[in-house]
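The following pair of complexes shares a single chain, chain A, combined with chain B in the former and chain C in the latter.
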Partner chain A sequence: MTLATELDPARRVGAEPVLTMRGISKGFGAVQALTDVDFDVYPGEVVALVGDNGAGKSTLIKILAGVHPQDAGQITFDDRIVSITSPAASRELGIATVFQDLALCDNLDVVSNLFLGREIGSAALDEVEMESRAWDLLRQLSAKIPSVRIPVASLSGGQRQTVAIARSLIGDPTVVILDEPTAALGVVQTAEVLNLVERLRERGLGVLLISHNLADVQAVADRVVVLRLGRNNGNFNMSDVSYEDIIAAITGATDSAGLLHPTASTFDAADTEGDTE
Partner chain B sequence: MRHHGGLTQVELAGATGLSPATVSNIVKELTASGLLHTAPTSRSGRRAVHVTLARRLGLVAGIHISMRHMRVALADVANTVVSEHSMPLAKDHRADNELDKAARLIVDMLDSVDASLDEVLGVGIAMSAPVDAATGMISRSGLMRGWDGIPIAEVMQRRIHRPVFIDNDSNLGALAESRTGAARGRSDVLYIRLAQGIGSGLILGGQLYRGFGNSAGEFGHMTIDENGPVCRCGNRGCLEALAGGPAILESLRETHGALKLNDVIVRAIGGDQLCVRALADAGRHIGIAAANVCNLLAPERIVVGGDLARAGELIIGPIRHSMERSVVMGANKVADLVQGQLGERAEMSGALMFAVDSSSFGHDDFAAALS
Partner chain C sequence: MSKTQVAASGSVSDLQPDAFGPPRGIGGSLRAFFSRIRSGDLGSLPVIIGLVIIWTVFQVLSPNFLSANNLVNLALQCAAGGIIAIGVVLVLLLGQIDLSVGSISGLSAAILAIGLTKLGWSLPVAILIALAAGAVVGLFYAFLFVRFGIPSFIITLAGLLGFLGLQLAVLGPTGSVNIPPDSPIIAFTQLWFLPPVTSYVLAALVVAAYLFVHLRAARRRALAGLSSASLGESVLRAAALLVLLVAVVYALNNDRGVPASFLLFIALVVVMNYALTRTKWGRSVFAVGGSVDAARRSGIRVTRVYVTVFVLCSLFAALGGLLAAGRVTTASTSTGAGDVPLNAIAAAVIGGTSLFGGRGSAYSALLGIVVLQSISSGLTLLSLDSPVRYMITGAVLLLAVIIDSLSRRSRASHGRA
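Now for the complex of A and B:
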């Protein structure tokens, strides 16, 4: 929250992952949405999850968000094996999810939206405290919100996204999941959201970004994980990989056996494959 | 105001925490003195007063496109920035995408200050690569691979139908620092821009020195080690290959994993010895190159700008140390080495000034606007 945490030298990208998923599978009736998927999120890292439609991106984050449990596989959070059975359980662990529809109440103002379900004050609401905390939070995110007392309906797409992201931060999460945060936004709003993602990263949060826009992904992500037809199909450090490599992994032109650049932080399985090349 | 572009008085009260009556009085006072401009508008069906920073004579736009970042601003001809945006860019970004984005940003920003494209006198673009003045193209291919062979000014002009002027970002950074920053009032200045790449701008005899074909100041491509690593420009042992952003990050890769330049600075400030060391190593190489320039041109002051300048003495100290070992002049004649005052906005400010300088409107008007 403060500058001190931003400058915390103990924070390491290469350190222990805050969230680990191993061998995750999930089926819906006859459809196998995810098969044996591995996935890590490190603190202070933006990891992008990309893949074609139906690759299993949404299913994966819904498992993390507690919408539906996995059929098989293990989730470790902060070195503890956890089962995420409900959205409340996910939130309690410290995973905040911002879905594409944002789930804001259009008729309520920014403050009410931020503190919805978590209002401050016992008998009567402490509006003054909530408003000043809302400003604090928005200022930390360098958010361009003109007023916190106007209905959310009158804000632009980027500002609504900002409010939704700010709301996810109220419970002090360690991992923030953003589902298509820049879809359907204008260029100014996209710029705001991308800057916001960088702010989250600077605060030492693990950010999981799902996007179809590879330019946005390449602009902010440290690592990109590719899913294809419900399986892992690549895990790249952004500095080693070109646009074309990512596209090749998404379309299946390269499969995971032919991983181009297995990295130090890649999963164990990918490492062994890299070694045998 | 600069942060938001334009706001209504009520929103201004919310944003500042002042009472609406106080805001109304302040706005009235500043409007009378010509700093603000007000226009009637409506918010949520109510009448409101839309307040923007005043602009006289028209606007200019400045765009700075660096390796990983784009910064766009609108300002009046007196260089008062009225609206500003920045966004991270992909590695190996491409001309068409980014110019589209820049054009749409400019239009959106104009909208937010109630202006139209007609009011834009000119657009200045600062590129992180040497630009050929005659063709408007990047003069050496491979430095920004998504932009090679594209007449950037012309392409941008086709998008917004306003005059577009383009120059190297270090040149424009030097211009800005010499007019309003750390090099003000100095006639011979070397401005070093340390970011992903390394560039420099030269102010000689009070004028920006561009050299033959506009390619002076390629500080980052001075040969430091004849047998050194191959640089992205194709030569061997360039300063940039030894001390540029990628070189610094690569030296930390074993111990720290994949970092960004900003992380290195934050950690070095936080006391991470390996990061401090990586910056110091880069600084020592840069110092040798700076000493060579000092021996050749004897600048009065060296200004360090770009992302890495934020590390302050952690990078400037080692530069000074190795520079002072390799210069020939006496201690009191050596250029003093300082951090830039305009920070990461220097190149964008320079682009705005360049646009004002290059735009054609009467100098009398300009003088009137400044007074």
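Now for the complex of A and C:
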């Protein structure tokens, strides 16, 4: 595990995507959650996945996390066609997922949580090594954790999120999926977590950010992919899209799937029916 | 805080200019200790205070209480129940319970006695088979728990009845089988004491080992650039341990000496404490007790943790049953019956292991059983027997659980739940 991943310009935006999804479909009984969805993650890029409730965001990341496989479509990771059948398979590929509930053990301290299930040491735990690495990692992320030897229960929401994200880096992933990392956080803590997301990008990781908060998305994402009713409904570069354009794509005010530069925004009243905003 | 700043200020790398920062030196350790207490992380403090009060009260009421003779008796009485309590600590750490430890200990005692008398087994064979029976019971519980998801409370309640029945069946119609009086297990639980010199040497070795481990850990931490205990602090801790051990050994040596069975109990506590705090297995036990879901998603094999813990708990119960039978030279229907299982559970909780899982220590078995046996012994000296003893033990247990709940609430309000 080399935590000191240097900034590698070749891994920045413009290179080949590290992760490609093509024609992904997934249904649960009568409900078609995803239909023919395309999705890319580039190294050194923060791509935000947005959409209204029920748009299929969670289904998409659960496919990537190995929670359930897709019904149709192809996933390419590092130029290889892969099938992600289990959470372990997802981890082994180099995809780290931080779910919204963080999955931390409140009674254990920060070091124990960071290395949970991946402890260092053969017969006895090597606490010194783990604590050193924990500090290295947290310092690289400029994380503000008061002590790594206190139970995570005594940390703030932002600090807990930080620990969960730092833990995802222990396995040296290439893609990190963050599910609503700023939900339920205060203003300062949100800023801390967004800083952390930028640290991940600087390390050359592909970051997939799922968020309901468009202000956060605009603050940190390079690219935003919009899902609507289980289909692609927009793929914008953050630099040349307005807040209104994203909202329009989310709500279906424009049905402009796959457009990098939305041109026509024809309001279609029929399309907004059944939206639950 | 950047690395250069750390280097410039000359401090170690994990110390941050923050009120939460790790403690430095003896004063810092004390401050950290009091801050933990205030936030409701009481650890074994209540039980130690309770023990001091109990011993003071009984010594005042009955001058014989802290006599060497009574302390040796106390140590002899602690061994069996204490070993059972170690197993209970393990299941409690997972947030589970084993109500059947009494029946399992009774069953293993019955197997031992019948094996030695009717079946002509040698002692080692009889002990192994009795312990194996305990392990099988634990395996059965784990299977039911993991496969069907039945609450351990119900599984072990059924086990309590079922294995009590098996114990009675094994004992046969007489309901009581004497262990051959020349059997070493009787000598081990009643007559074997460490020679005084050996006990002092052992105490000295333990302290030396403690100091060595502590200093080595401190040096490794210092080399890694982490904050470490100062030399003074390490020596002070070792000296405190030395005083404690020598005091105990001295008191016991004034009478018969340190009982072998008590020494076995202490050794098992130390070994289990090591396993719980220093191994991957122990870490996974605490993780499962804290959050099963988080543990599973971190790749911990949760099933394996449940199986090992249920098996160990039943194994300790079986071993405790053997010692209990040896002490009274007989296995009968009353072995492991009555208050034995509840005492073991009470000891674990009184010693500071949380009923809610994820919090506790192997040492709580030791502290808890000493408290319970002190109460029992003190009341016997005062000629107050079972009725009062049960009521007082019940009250102490209630107090321990109230403290556990209150400290949990306090932890929650201090954000340390």
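Worth pointing out:
The criterion applied here is as follows: the second predicted complex is superposed on the first by the 249 of 277 C-alpha atoms of A that agree within 3 Å, B and C clash if a C-alpha of one lies under 4 Å from a C-alpha of the other, contacts with A are read in each partner's own complex, and residues count from 1 in each chain.
Convention: contacts are C-beta pairs under 8 Å (C-beta built on N, C-alpha and C of every residue); 3 or more make two chains touch, one makes a residue touch a chain.
None of these values were measured; they are calculated from a predicted model.
When both complexes are overlaid on chain A, the residue A:146 reaches chain B and chain C alike. When the two structures are aligned on the shared chain, A:198 is found in touch with chain B, with no touch to chain C.
With both structures placed on the common chain, the touch criterion links A:125 to chain C but leaves chain B unconnected.
Legend: residue contacts after superposition of the two complexes on their common chain; A:105 is shown touching chain C, with no touch to chain B. In the superposed three-chain model, the partner touching more residues of chain A is B, compared with the other of chain B and chain C.
Using the contact criterion defined above for the overlaid structures, shared-chain residue A:243 touches chain B, although it does not reach chain C. Of the two partner chains placed around the shared chain by superposition, chain B and chain C are both touched by A:154. Looking at the shared chain after the overlay, A:222 reaches chain B, while chain C stays out of its contact range. Contact with neither chain B nor chain C is seen for A:31 once the two complexes are overlaid on the shared chain. Shared contact residues on chain A (touching chain B in one structure, chain C in the other): 135, 146-151, 154. Interface of chain C with chain A (complex): residues 1-3, 13-14, 16, 18-22, 39, 217, 220-221, 224-226, 278-280, 283-284, 286-287, 289-291, 293-295, 297-300, 358-359, 411, 414-417.
Every residue of chain A that touches chain B in the complex is listed here, in rising order: 6-9, 12-14, 44, 135, 144, 146-151, 154, 186-188, 190-191, 194-195, 198, 202, 214-220, 222-223, 237-239, 242-243, 263-265. On chain A, the positions that touch chain C within their shared complex are 87-88, 91, 99, 103-108, 112, 116-119, 121, 123-125, 128-129, 131-132, 135, 139, 146-151, 153-155. Interface residues of chain B, counted against chain A in their complex, comprise 3-4, 7-8, 10-11, 14-15, 17, 43-44, 68, 85-93, 97, 101, 104-105, 108-109, 246, 249, 255-260, 262-263, 266-267, 269-272.
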